[in-house]
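Before anything else, here's the structure in question.
We just call them A, B, C, D, E and F in the order they show up, numbering each chain from 1.
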C-alpha cells in the first residue's frame, strides 16, 4: 500500500511529489511531536537542500504561530521530528517545502490533511511558493497513486500544457502563491485522530 | 552461542534479521537505560540509515508514550543506549526499524521479548511497517538460529512463495502493517528479569 | 513573479544583486524572527564567505543596537533565520553583506524596505561598505527586475562608466561608504505589515 | 617495564591483549575520575569500534550500577577518562571491551585489579562476552609479559588447541560468558591504593 | 579608501601587515562586542593558524585582564567577534597575532588605536612577540598605505638591512619583545568614539 | 632569543624537546588560566596524538588535585589554554606529555619551572612516564639552547650511550618513572611572578 493515497485523512502527515532520474514518485512527509527542548530532527536520508527547506518551513511557522493558532510555548517545550520514508532512498531538493510545512501545521494544530491531496513547491521564509521542476512526471505519479487534487506553484501554471489530457482529467490542479492557500486547500476543518 | 535464539525471554533485547552480500544473518538489538538527560546513543558500527531508523523508532515511541504505558518524564531523566553486537561488523539499512522499536519498548516497559521471535521491517514515524529486501536469505538464517516465529511487513507476503518448503515448515510468518501488531506478537505479558 | 521587484514595501526582506558565471541576478534576502535563544540560522545553500558575511552584518547590528532602536534583550530572547531563496542554487561571496544587514534591521525594527531599491556591497564589522565585482551585470539584472534605485559601494563609482546608457537612464545609483547611508536610503519611515 | 605485568594490583587499570599484523601485544587500559559533569573522554589513538566498545562497557556499568555497588549520582558528578598508552600507536577493534569494563568498575569501586590477570573479549550491552580473534598471538604476548591467568570468551575455547603446550603450561585460561565472571576473576576483594 | 591608513584613530580596529605570494598587503582587524555568553567568533576566511593565533591573543588578554584594566565579568557577559575584511580573501598565519591582541584590548578598554601605526608579529600565551616572515614586502605595503610607524618583533631587527632606504625614510620601525610594548606604542591615551 | 633557555624561572611555561625529520628542537609549552567553565583549549597546530597527550596530562592532574595542592573547584571555575609556539609549525606525538603536565601544575599552583630544565616523555593516566624516540637529537638541541638538566624516561637510559661525550658533559640526565619525580626536579619551591 505504500506509495498509494492514504485511506483516511492524516494528522501530521502530508503527501509530496518527487521527481528523480527514474521518473516521478509520491512521498509521505511524517511529523511527530513529543516533550523536549524545541529541537528539530530530520531523517530519511535527506540532502542539505531538503533539510534547509524543512528549516525554512519550520521558521515560517514559528514566526507566524499566532496567525496559525499554534502556541509558541508549545513549540519550545517539545521536540519535533520530520521523517521521510523510505529511509534507504536518498532525497533532496527544495520542492517538498510546502509539504513539510503542511505536515508541520497539521501536527501542531491537530487539523488533518485531506487524503486526496498531493502537493509540490518550494517555500520561502515569507511563506511564498516558488516554482519547481518535473511537474509532468510528478503528475503522472500522483495520478498513479490515486490522488485527485494537486497543489502547484502559481509560476508552474505554464507547465500544465505539457501534461497529457488522460492525466489531467482525473486531477484538479490548484495553483498557489502563498502557504496560506496551501493550508486552506490541504487541511480539513475538524480534528480527528488518524 | 552467539547467533542462536535466546535461551530465555529478554528484557531490552530483540532479534532482527539482516541481509548482506554474504547471505542472511540474525542480529541482536540491545537497549540499556540509566539516569541521564534524555540522550540517545547508537553503537555497533551502524550506518546513517540504520541510525536514522533508530531515531524514527524512538520518536514514534516518545510520541505515543501514553498509549504504550511509558512515562514521558522517565525518558527525559534517563539516557538510552542502543547497541548492535558484533561491534566490528558494519551494519546499515532501515530493516531493523521494528526490531529497534521492540527492544526500546521492552526496555522502557520491562515487558520481555519472546525468545522464539525474529523480525524484519522498516518503521515510519507513524509506526507503519514498510517492506524490506532479502526475505528469503533472512528466513534461512532465522531457521538456522532456531527461531520459530518471524514477523514480516505485510507488503512482503508476496515474497513468501520464494522460500523453500523445508524452511517454511519450521517457521510461522506473521505479516504486519503497524508496530502495534509487532508488539502484540513479540512481547510477553508479564515482566521478569532476563 | 519571482526575480521581479516586490509589489509592496517588505518588512524583513531586501533585494540584493548577485553576479555569477551566467551573468547578473537579483536575490531576495529573507529574515524571520521567533521566540528562541539568540541563535542565528542561515539557509539557502550559502557558501562559507556568505555565511561569515551574515555573521558580520548581525554582529555589527548587535554592537550598535541602541543607535538602531533595537532592544538587545529582544535579540537574546529570539532566534533569527536568514534564508535566501531559491534553495537549490548555490550562493557565495561577501557582496550580499549590506543586503543582509538591511533585511535584519528591517525585521528587528519593523521598518519596511522600499520595494524599488536593490543593493550590493560587502559590510565590515564597523559598518563600512567595501567594493564588489560585477557591477555591470548586476545593474542589467536590476533593470530587468524593475528596480529603480541601486545602492553601491563608493569605491565602485569608477565602474559606472562601463554601464550602458540605456541601463543608466532607468536607474539611480547611490554610492555609499557606511551602512548608515544604506539604511537611510533603503528603509521607509513608518512600519506597516508587508 | 612497559609491556610487562604490573608489579602490584592496580586500581583503575587493567591489562588487555591486542592482536595486530605485527603479532600479539599487551595493552594497559587506564581510567581516571575527577569532579565533572558525567562526560566520558577516550584517548590513545582509538578507532571508532574501540570507542564504541568503551561506550558499551560504560553503559552496561551505568545500567547495573546498583548491583555493582556504584552510586549512580557519583557517575553524574564526575568525568571519566579512559586512556590506552602508548599514545602514538593506533588501536581498534572490540576485543578490549571486557578490559575497559573491568578498569571502569575498578576505578568506580576502588577494588584493585589482580596484577597477574590479562583478558580479551568483546562486551555487549547486556554484559555478554563475545568471541575474539588472534587468541594464539595474544597468549604468546601474555606469556611474554609475565601474566599467568588469561580470561577468554567461552566461545573461544575451541581455539585453545592451537596454542603451543609450552605457552599453555604457564597460563591458566578462564573461559567466561558474562562480565560478572570477568569481575569475579579479575578484581581483588579489598581496596588499597595502587 | 580601503587598504589606506585610517583617517582617524579607531576603537576596536587595528592595522596589520600581511605577506602573500602576491606581495605585501595591509589588513584591518576589526573587533565588535555585544551582550552574550563569552563566545569568540572569528570570520574573514581565516585559516586554522590565524584562528589559533586569535585564541592565543584572547587568552593572554583574559589571563591579564586586571593589569589591562579590563573587567573579567564584562568578558563573560559579552560575545566578541573578530573579523578581517575583505571576506572573500583567504588569510592565514600567526603574524597577525599582535594586531588582533591590540584590536581586542582597544575594543575592551575603549582606548583608540593610533591611525598611523601598522604592526606584525606572532603572539604567545605569555604575550611574547615572535619573529615573522616577509618584513620587506610588508614594509613596502605599509609605506604605500600611508602608515608611518611599524611595530616589528625584536628578532626581526636583522631583516631591516634588506629594506630599501627610500622606504625606511618614511617609516619608523619599533622592535618589541612583548605585547606590553605594542600596546604602549599603538594605543592612544584618551577614549573617543571612532 | 626564541629557542633558547629562559632567562628566569617561569610560571605556567615549561621547555620540551621535540624530534622532527629536520633534527631536534626545543619547544615552549605555555599555559594560561582565566575565569571560565572548566574548558581546555589546545592551540599551536597540534596533531591528535599531542592533543590527547595534553588531555591525559590534564586528567591525571585533576584526579590527583588534592595531592598536588590544587583546588578542584578552581579548575571547574576557570578555563585553561595550552599553547605551543611557533603557531605555524605542525607538532605531534606523545613525548611532550610530561612537559604539558609540568606547565599545567606550575600554572595551577603558582610554582615556577626551573629555567635550566628541559624534558621529554609520554605521560599515562596514572602519571607513569613512557619512553620516547630521538633522544640523541633532542639532547643536541637542548645543549644548543643552553639547558643543563634533561629529564628523560627511565626506559630511555639505554639510549644515553649513543650521545656524544661533548654533549653529555654539559648536560645532567635525570631518568624518571613517574610524574612525581618530574615535578620534584622541574619545579622550584617558592612562587614568584615570571
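Methods note: a residue touches a chain if its C-beta (ideal position, glycine included) is under 8 Å from a C-beta of that chain, and two chains touch if they have at least 3 such contacts.
The structure presented is a predicted model; accordingly, all values stated were derived computationally and were not measured.
**Q** Trace the shortest chain of touching neighbours from chain C to chain F and give its length in steps.
**A** The least step count works out to 2.
**Q** Can you check whether chain E and chain F touch via the same residue numbers (shared by over half) or via different ones?
**A** The interface is built from different residue numbers on each side, given that under half of them are used by both copies.
**Q** With chain centres set to the mean of the C-alpha atoms, which chain is at the far end from chain D?
**A** C
**Q** Averaging each chain's C-alpha atoms to get its centre, pick out the one most distant from chain B.
**A** Chain E.
**Q** Rotating chain B so that its CA atoms sit on those of chain D: what angle is that, to a multiple of 5 degrees?
**A** In short, 60 degrees.
**Q** So, what's the distance in Å between the C-alpha centres of chain E and chain A?
**A** It comes to 52 Å between the two C-alpha centres.
**Q** Using mean C-alpha positions as chain centres, tell me how far chain A is from chain B in Å, no decimals.
**A** Roughly 30 Å, centre to centre.
**Q** Could you work out how far the Cα centre of chain A sits from that of chain F, in whole Å?
**A** Chain centres of chain A and chain F, defined by C-alpha means, are spaced 60 Å apart.
**Q** At which residue positions does chain A touch at least two other chains?
**A** none
**Q** What topology does the chain contact graph adopt: line, ring, star, complete, or other?
**A** Ring.
**Q** Output the circular ordering of the chains, read from chain B in the direction of chain D.
**A** The ring, traversed starting at chain B in the chain D direction, is B, D, F, E, C, A.
**Q** Help me check something: in the complex, which residues belonging to chain A touch chain C?
**A** Against chain C, chain A makes touches at 38, 48-49, 52-53, 55-56, 59-60, 62-63, 65, 72-73, 76, 93-94, 97, 122, 124-126, 128, 130-131, 155, 177.
**Q** Tell me, which parts of chain D touch chain F in their complex?
**A** Residues 1-2, 10, 12-13, 28, 30-36, 41, 43-45, 79, 81, 83, 85-88, 194.
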